[in-house]
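Please see the structure below; I have some questions.
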Amino acid sequence: MIEFKNVSVTYRGGVKALKNLTVTIEDGEFVVIVGLSGAGKSTMLRAMNGLVKATEGSILVNGTEVVGAKGRRLREVRKQIGMIFQTFNLATRTTVLNNVLMGRLAHVPAWRSTLGLWPAEDKERAFLALDRVGILEKAYVRASDLSGGQQQRVGIARALAQDPAVVLADEPVAALDPVTSHQVMGDLQTINEDLGITTLVNLHFLDLARTYGRRIIGLRAGELVFDGPIEEVDDETFREIYGRAVTPDDLLHEGAEVE
Amino acid sequence: MTAPTEAEVAVVRPRMARSKLVFRYGVTAVIIIGAVWSFTSLDISVERLRTAPGDIWKILRLTVPPDMEGDFVSRVFGKVLESVYIAWVGTMIAALISLPLAFMGAENTAPRWMQLPIRQLFNVIRSFPELILAVLLLPITGLGAWTGTLAIGLHSVGTLGKLSTEAIESIDFGPAEAAQAAGGNRLEAIRWGVLPQVLPTIVAYWLFRFEINVRASAVMGVIGAGGVGSELINQLNFRQFDKAGTVLLFTILVVLFIDTSSAAVRRRIILGGGTSESANTEVFRDLSGLTGPGLT
Amino acid sequence: MTTTEGPRPGDREIVPPRKPPRPWWYWAVAAAVIAFTVYSGRRVGFSLTSLKDLPSNPLWEKFWPPEWDWVFANAIDPLIETFQIAILATLVGCLLALPVSFAMSRLTSHNTYTYFGSKAIMNLIRTIPDLFWAKLFVTAIGIGAFAGTLGLIIFSLSVMVKLFSETIDAADPGPLEAAEAAGGTHIASVKVGVLPEVLPNYVAYALYVFELNIRASVVLGLVGAGGVGRVLEAQRQFFQFDRIMGIVILLFVVVFTLEQISVAIRRRLV
């Protein structure tokens, strides 16, 4: 369970990116966070694993406080949270397997991982993760030699290799074409359903949000403006979250045609 | 129609800001004054200027044909090789020392308090030319190749450290952030998120430095710190120009050989296993623009 | 929920791909590099203990304290001579480099013979270290600053030509073509079409070459080519370590300062 209690984030320049956010996310949920660019979606996700420091409030991940956590304790929390990035964040000049093994860093003693002496069991887990996203045969290929969709699957496998309780995905399909986008979102959905991993995804395409989200959280200017199950969401909801009418650019399908 | 003259070009050029103009004229004035001052103070008479080319040509001509007598050739070749050994070991020492230091000096991999002293260290080391370092080391470590090796190694720590730091700072920190998000500590994030991305570039810098160090080690012999330099000095002092020619010939051949092969390896390393990313070619261009003797 | 270790339900039996073996040349190259390093290490007398004991060698005490009085009385004039050499060599070398660079660039050279000819000669000149040139000139025209200046002119020329001709290569060919299409002679077209674009780089490189020359000029005296190195060489032969230390510190301070100034100007230029 993830509990945000009165969480605020103020960046160094003075930008208030999150304002007094209180949200609870139950185990196994599939939550999609929507909002305009700059609304604070990334900030919300990154506060959960401490990549961004919350300046006020409390964030409990399975009972552990993230706000103010440092060093070993912060790494213990991060161990339970896999993260998937918009630009994949792969070490492109090394193999797919090495990238996925990064997900095992918190499970393996530092000296072993640093020397590359990964235990057989951890390698096995990396292979399992790769198999789950369907690119097991690419294990020894250089990451830069994969297509965008495949690279994002490596990103997902890296998160899965952590054996996480939670997966955070920050605009995971923004750099992908429509067909690949659906495949990757499908992967995330399957993982959520099969493994029961709590999944939070930032999306800016509203049709994707509707297709895959079971619960929608809407942010505007750092504030929570909507929180409810997908059944309660209609065009009017999005209009309220965005503070403007929905345009074709907000939809993956039509946005692609517009281009 | 004739080509526009300089005056015409000047007309269409927009007027420069006043401060910039002042700056420009200031710099020009300083250069001219400096040049006149230097020329008049140094004992370069017009008479000497007139005769010098002839004198130089005479000596250069005497180096051809070089003395190709077997024993002498093998001695010279051995000395040139010694220069190569010095450059190689010096570069290796510098590579091993500068690699960890570079990560400690880069703003994306080290805490702030650590960066500044490390960078200053690089700058300080860099401003001592190899030969000056060798002059200092000579009484301690004695005549011979080891002194030259140490001097070159030490100086290269500064130059390699600076280049490597810049390489580290220019990478995308995303992969390292991913490693941290997975619960890795700073060292692990560097090992898996940064190192694979920068190592090819840094190794290319090592090779590049080796090329420069071959030239640097060739002159170490001038003060007895090993290598082919002593041979050239001796032959010229005894006015054995054909033998000096042999020394020059083998120096040129070996330097050319090392430059070309090292540049080829560098290209391969930077371009990686087949795929050429645009960022990689960028680095390669940067690097190739830097080749020049003694470049530091 | 806590993370569960061990295979999860739904995980299939999988057959991981086999790790592709390293190509045969990988090990050959690795072995060759290691062997060459070890052999070189032995030939140059590499010794870890020597490396380790270096800072604690008692001989260092002879370097301290520097003999400042002597240094200020005897090293300042040669030091000034050093900088005069560097200034003059930079200026002459860079001016000579201007026409040569244009002849050596793919963009502006229109004569194959001068293009390949200048390239080959410059490459040849670059393979010979600057101090070798200086020594050659000392032998030809006698000991003194003149020989050193000539040596550094050759050095400046070769560095400048390399850097600048590559910049010209990368310049936008548009204006040159336009000027030539308008009927300009080749030289005039280069002057209006290319020169303005690359001139800022030229000035920045010239300053950079000046920095290199400052550092190179302090050692010229070791081969009799003038400047402060001459004093260094003399004191070295008489084992006056405290004077050497004084000169080296002085050199460091002056070289470091000049370099910072030059770097600052270069930043303003580009």
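Per-chain numbering from 1; labels A, B and C assigned in written order.
Keep in mind that, in the parts below, a contact is a pair of C-beta atoms (placed from the backbone, for glycine too) under 8 Å apart; a residue touches a chain by one contact, two chains touch by 3 or more.
These figures come from a predicted structure and were not determined experimentally.
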Chain-level touch network, classified as line, ring, star, complete or other: complete
Chain of greatest Cα-centre distance to subunit C: A
Which of A-C and A-B has more C-beta pairs touching across its chains: A-B
Averaged-CA centre spacing for the pair subunit C and subunit B, given as whole angstrom: 4
Distance between chain centroids, defined by C-alpha means - subunit A, subunit B (Å): 46
Residues of subunit C touching at least two other chains: none
Residues of subunit A whose C-beta touches two or more other chains: 79
Subunit A contact footprint on subunit B (complex, rising order): 172, 174-175, 177-185, 187-188, 191-193, 196-197, 199-200, 272-275, 277
Interfacial residue positions of subunit A with respect to subunit B in the complex: 49, 51, 75-76, 78-79, 81-83, 85, 87-94, 98-99, 101-106, 110, 113-114, 142, 144-145, 155, 158-159, 162
Subunit B residues within the subunit C interface of the complex: 1-4, 6, 9, 23, 27, 31, 34-35, 37-39, 41-44, 48, 51-52, 55-56, 58-60, 82, 84-86, 88-89, 92-93, 123-124, 127-129, 131-132, 135-136, 138-141, 144-146, 148-150, 215-216, 218-219, 222-223, 226, 229, 232-233, 236-237, 239, 244, 248, 251-252, 255-256, 259, 288-289, 291-296
Residue ranges of subunit C touching subunit A (in the complex, touch as defined): 1-5, 7-8, 10-12, 14, 16-17, 19-20
Subunit B-touching residues of subunit C, taken from the complex the two chains share: 36-37, 39-41, 43-47, 50-51, 54, 57, 59-60, 62-63, 80-81, 83-85, 87-88, 91, 123-124, 126-132, 135-137, 139-141, 144-146, 149-150, 155, 158-159, 162-163, 166, 179, 182-185, 188-189, 191-192, 196, 212, 215-216, 218-219, 222-223, 226, 232-233, 236, 239, 241, 244-245, 248, 251-252, 255-256, 259, 265, 268
